[in-house]
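Going by the order they are written in, the chains are A, B, C, D and E; count residues from 1 in each one.
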Amino acid sequence: MSKYIKTIVMAAVAVLAVAFPFYTGAYPQSIAQSVLTYMILAVSWDMLLRTGQISFGIAGFFGIGSYAAVLSMLYLNLPPMLTILIGGIIAGAIAGLLGIAVLRLRGMYFAIVTLAVAEIFRIIMTNLKGFTGGPEGELLPQLIFQGNPYLTYYLMFGMAVLTIIISEIFLRSRVHYALTAIRNDEIVARSSGVNIFKYLVIIFIVTSVIQGMTGGINAQTYGFVTPESSFSLDYTLLPLAMALLGGIYGTMGPVVGALLLGIVSEYLKLYIPYGHLVIYGIIVVIVILYMPQGIVGLAARIRKAGARNE
Amino acid sequence: AGGQGEQGEQVEQGEQAAEKDPIKLGGVWPLADITGDQGSKAAQLAVEEINANGGVLGRQLELSVIDSELKPEKGRSAIERLATVEDVDIFVGGMSSGVHLGQIPSLKKYEKVTMWTGAASSKAEEAVGPDADWYFHLHPWDYTQGQSYVDGWGDISEKYPEIKVSDWFLAYEDGAFGTGSFQASQNLYTELGEMTGESFKSAATGGGDYTAVLEHAKEYGPEVFIWAGYDADALPMLETAKAIDFAPPIYLGAPPGWPQGFGESPLSNYVMLYGMWAPSMNSVSGVSKHFYEAYTGKYDGEPQTYFAPLSYSAIYILKEGIERAGTLEKEALIEALENTEYDSPLGQTIGFSPSNIIQHQGIWGQKILQWQNGKREVIWPFEYQTAEPVYPFPGWDER
Amino acid sequence: MLEIRDLNSHYGKLHVLRDINLQIGNESVGLFGPNGSGKTTLINAVMGLWKPTSGSINFNEEDITNIDTYNIARKGIALVPQERELFPGMNVQENLESGAAYIPHAKDELESSLENVYSIFPILKERSKQLAVTLSGGQQRMLAVGRALMAKPKLLILDEPSLGLQPSLVSELFEKLAEMKETVSILVTEQNVRESLKAVDRGYVLENGSVALEDSAEGLSTNPHVIKSYLGL
Amino acid sequence: MKTSKNLQLTIVGIAAAIGILLILWKPSVLIYGLQGAGLYAAVALPMALILGIVGIINLAHGEFMMLGAYLAYWFSTQFGIDPLLAMIPVLISMGIVGVITYKTTIHRVLGAPELNQLILTFGIAMVLSQVVNLIATSQPRKLSLDYVTASAKVGELSFGTYDFIFVAAAVLFLAGLLFFLRRTKLGKAAVAVGQNPKGARLVGINVDRTYLIIFSIALGLLGIIGTLFLTSHSIFPLVGGSYTMKSFCLVAMAGIGQLKPILWGSLALGVSESFIMSFQGYGGWADIVFFAIIVIVIISRAYKRTES
Amino acid sequence: MSKLVLQSLTKRFGGLVAVNGVDLEMTEGEILGIIGPNGAGKTTLINLISGIHVPTSGNVFFDGKDISTFPAHERSKMGIARTFQLIHPLENLTALQNVMIGFMFAQGMNQKDAGVAAQKTCESLKLEHVERDVGQLTILETKKMEIAKTLACGPKVLFLDEVMAGLNSDETKDLIETVKRIAQEHNLAIGVVEHVMGVIKMLTARVIVLDAGEIIAQGPYNEVSQKPEVIKAYLGGEA
């Protein structure tokens, strides 16, 4: 029964999202575009988190993807869609190489090293002036789909759907058990035949490809890259906050978190033009204090409590 | 500004608005930054002044301001909202080339008349392109600014032959602003002499160690030492210069703004600077004086950045343009704006002409000023000069 | 010394302790019962590690039901927890010293207590500079017992102290406990009922969260139910 | 055992050799490197303290330093006192801020997963910097102090000496903290709490109060650094962010709960940054060296651990 | 043929020799008791065999193959399984899912088959409440789940590190029967570490006694327990 309802709700949401651009204006559409961007990053970050690894390097792979997409278009004249793919492939390849060394680290050490690596990417892009345009970045001669907002929206939407599907596959398949085992106790996982390293590398690459492609789409949509904006720490911290406020270890949490924070921040700004960030910060603090499991966790608890009272 | 103000105004104007809707301006600034904060407030000041004097074409002006948060995607959404939800007639605002790059695609989509006060990077000019006749850019581009300095120093060394300006050392912050300035000036300054330079990490972006760059400058021994960084760098850099005993004949700063109370520091005396405006302009420009008094009267505190008079000017230029056109109709308005001759609080009379790529560039250069006894005195252009230059920059032990 | 009255405790909806009444005087008392019967929960309630839903706990005529753990420890109750709860990054000696350092009446006798513990568990002296985290399971158990002894408690609570100890040490431990009961009151839970009955004066049997039986050590060891369920092996 | 001793000796030897070479060839590199290192270490130490004992990664670390600096600014301009004198009221105020922050927020997330704590402090950072921004605007502030430009001349080289104050601060902080943690009762209790809070309660330690005290001490120290920072740097609402990140890196490089290695780590980072910057035109790469060293140290330590 | 052969296996931690030149053979169907004082090296020995630690010297042969340096997950796939002295059930998963892990990763089954197989294993161990979160299991259930988890890896050799610790006598008897039964059903070689001699007596045919990392005695328990060195090092007094 509840499974039916869930499917129906999911379908309804999907239809709504597809029809969205047709009955709303350009403004909600541009907000949606950026909500989707953060949503993808939040879901992909959560996918890695399910192994217990906290990445602080989202902005790094996002930025790499952005630069790869723009530079491959400028230098090789490739079609935009292909450059997005290249953004993903390069981010994934780098993740694969890095992963071999970095994935031996745990906890805070992994977090810091991913953060440092992201910074290193940014600094390299800033300093390779001749190739990357340096601190001023590079411009694309034209936007993807000639800047058609519907098509760019659907592109990002498609990427989000793809990410959600991958996330759900990972949640429903064997992979889920491997990841949960790794997160809980690596020694037990190893002794149960789980090749920890293999799974960590796979997830690290997959999520980096997703982040790289998202960066690519974003760069193609806005038509430029600069080290400052493409590697902005926002791309690391906001998805993290969104996933956490929504609820971690699932697809739903990051999705809900991104929607909520994305919309709330926009709304606040319109009503409190000077100082909305204070309120935003207070909201983050309050949610963490009073909903430690995130919104989805809270909803689940309420549902359980309701069921028990029946 | 913003949502609440709007509602209030709408109620007030209820009756007359039926036939005479207000003229809607949409502004995008980074409101948490001093530039955007004061820029937007100065623009609001201009709007209120104009409305108090009967508005434009008998209609009131209405300014909706949205925060760009210094983020491209937020800046873009702001444009989208202003264009579709607020349905504004004209865009104003601006600060940060990075944000502007994110906004340009949307601006191009709507092709509404745009009076932009920020973005010096020629990358932004490239992105706007040559066809955007609706695009009016007030702030100088990095290269036009560079050229103005070359002209200025040429004039100065002609008038004051003792001032030597042929050996340059440029210390620039390693972000887009500093690097852009360096690239733009490197070629231009060959007219004056030799220029070398080195980047440093600005305190504004987490740096703030100037020892290396100043050591190198000292080794080089330039006639003019110039730095292009941010307000946060101004005093610490001077302190380092003093500590390592580096006192070039001209010590020149080109940040977009200065820290609070810079002039009160004894170190600041006789530092030269590039700038668009300073309170000392009040003595040579009536408009400046009026602006200054109105601003300080309405908001407590002085305008700290030139973005205030610049944004104020943007509104007045639009007002005059609309009045001259007699309509908001785009073609007519553009034509009217092309004929702008606005006597600005910045001193100069602003008009528009094509720059390298775009059709309507308003301001071409900045001024050369000098901190003297806590005040920024204008040295060049000579027509606005408020004080004679002090040369050379006195050595640290002579103060 | 310790008096527990009508104690109830819940984990969520799970009712773990039901109207427990229990007294300990200057004596040694055993607490027996199947797994999950609530022994650890009871001990946690005494130590202030888990707040009971209702009922009261008095120690030396003082109500300690809602007092913080650290304060209870300072009043003279020491616990050897089932999970040991050592300081992994400290060495053996530092762990032992920490047992006395924060207890007003114990810190002045730190040196002599240390000697005492070392004499009970010589291996700890041998390993006095080894980090606790690298000790074997049984060694950690000894350290946990030792740390509690360092506190010079008036009431010593041991939650399954023999778990993981080698047989020779198990008997030694209970001998030692039997000796100590002259000076210290003891509350001990054990699966090794046979050994522990040698060391206690009285015992309670907890089943499903209620006291099912309460008798002297002798009485328990001849009780058919106890023989069948707890002394079978 | 023996090999690691030898290794240590070699490393110390190499470091000494590099130091001597530098003194002969580019003395300024060492001087400025040391000064930079002092600031890094001084800022990172309180973070290590909070992480090691309270177990919280404090993303509002730099913002608390910023707050301390603004308080110092306010005290010294309001009462016309020298900021170094303002250090005392700032220390006290920051201690109180610590108590309030702990009681209202940190205290409630101690049991929560570390990520919750991370985001909580991220939220606090945002509130702090934005509130200061609303009150003081984003325009930088800087006190102009004569003694800051104190300098010394050795042969040709003239260099600022004031920034050695950060070296002094770092060394004093470290010595003080080590003394506190190893010799004082409260300090030892704090270490125990850091390793096992439940165990600590069982041996009679008031865990909650320990957390409160450590958190407030750390914020008090940040107040001191904030004050020192104010004397020689510009302050603005977002000035703390990059120091959070750098401290975070340093703490990880030193290893969780470790204090002494922070000093060595800072020294290595400060000197190598200064070394790169001494080559004109390569200053832009100095940051890479910073992060690369951190990555290499952390990874190689992980490898060393799995080997043994 | 012997399934598992250890050849002068040694492990040092810094200056401490935890396992010292141990030679051992284990064959199918045999239940071997591993006893010895605290810190004798029993857990370390199991860690060496299962690949959690790498030996300082010496070798581990399994089915004639030298597996001394194989990673833990590969050994688990080959059929070496073990429980942990400090049990760590995988939280956020049900008991059944805990058991499924081994079937999926050590034996490479798909999710569905693993579910069926895990169900069967749990039934054979009389483990109920498999749909509960692991936090809600009783100790006996948890211990059974731990054994089920190891069975799920399709073991040929199985090590149980103090699984009986903390059980009362009824439960202990129940578990002893269970272990005996699985040894027969699966024709396993089982190594049992226990400090409760009753268990060793009832369960094992042969024991080895470790002390300070070395085997100081081996043979049937009744014989070994009479040896003075064993009494002195381990059993103590009159036991």
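Criterion: a residue touches a chain if its C-beta (ideal position, glycine included) is under 8 Å from a C-beta of that chain, and two chains touch if they have at least 3 such contacts.
Keep in mind that this is a model prediction, so the values were computed, not measured.
Novice: Just how many steps, at minimum, does a route from subunit B to subunit E need if it may pass only between touching chains?
Specialist: Tracing touching chains, the least step count from subunit B to subunit E comes to 2.
Novice: Quick check for the class: compute each chain's Cα centroid; which one is farthest from the centroid of subunit E?
Specialist: Checked the centroid distances; the maximum from subunit E is B.
Novice: Farthest chain from subunit A, going by mean C-alpha coordinates, please.
Specialist: Most remote chain from subunit A, centroid-wise, comes out as C.
Novice: Just curious, how far off is subunit D from subunit B if you go by their C-alpha centres, in Å?
Specialist: 37
Novice: State, to the nearest whole Å, the distance from the C-alpha centre of subunit C to the C-alpha centre of subunit D.
Specialist: Distance between chain centres, rounded to whole Å: 43 Å.
Novice: So what's the Cα centroid distance for subunit A and subunit D, whole Å?
Specialist: From the centre of subunit A to the centre of subunit D is 31 Å.
Novice: In whole angstrom, how far does the Cα centroid of subunit D sit from the Cα centroid of subunit E?
Specialist: 48
Novice: Can you list the subunit C residues in contact with two or more other chains?
Specialist: If we look for residues of subunit C contacting two or more partner chains, we find none.
Novice: Can you list the subunit B residues in contact with two or more other chains?
Specialist: 32, 37, 174
Novice: Scan subunit A for residues touching two or more other chains and write them down.
Specialist: Residues 126, 274-275, 277 of subunit A touch two or more partner chains.
Novice: Which of the residues in subunit A end up touching subunit E in this complex?
Specialist: Residues 173-174, 177-178, 180-181, 183-185, 187-196, 249 of subunit A touch subunit E in their complex.
Novice: Sort out for me which residues of subunit D touch subunit B in the complex.
Specialist: So the residues of subunit D in touch with subunit B come to 28, 32, 36, 130, 133, 137-142, 144, 148-151, 153, 158-162, 232-234, 236, 239, 241-243, 245-246, 273-274, 277-278, 280-281, 283-284, 286-287.
Novice: How about subunit C: which of its residues touch subunit D in the complex?
Specialist: 47, 49, 68-71, 73-74, 78-79, 81, 85-90, 98-99, 101-103, 147, 151
Novice: Could you please specify the touching residues of subunit A with respect to subunit B in the complex?
Specialist: 25-27, 29-31, 33-34, 37, 126, 129, 133-137, 139, 143, 147, 149, 222-224, 226, 228-229, 232, 234, 266, 269-277
Novice: Under the stated contact criterion, what part of subunit E meets subunit A in this complex?
Specialist: Within the complex, subunit E contacts subunit A at residues 50-52, 71-74, 76-77, 81-82, 84, 88, 90-93, 97, 100-102, 104-107, 110-111, 149, 152-153.
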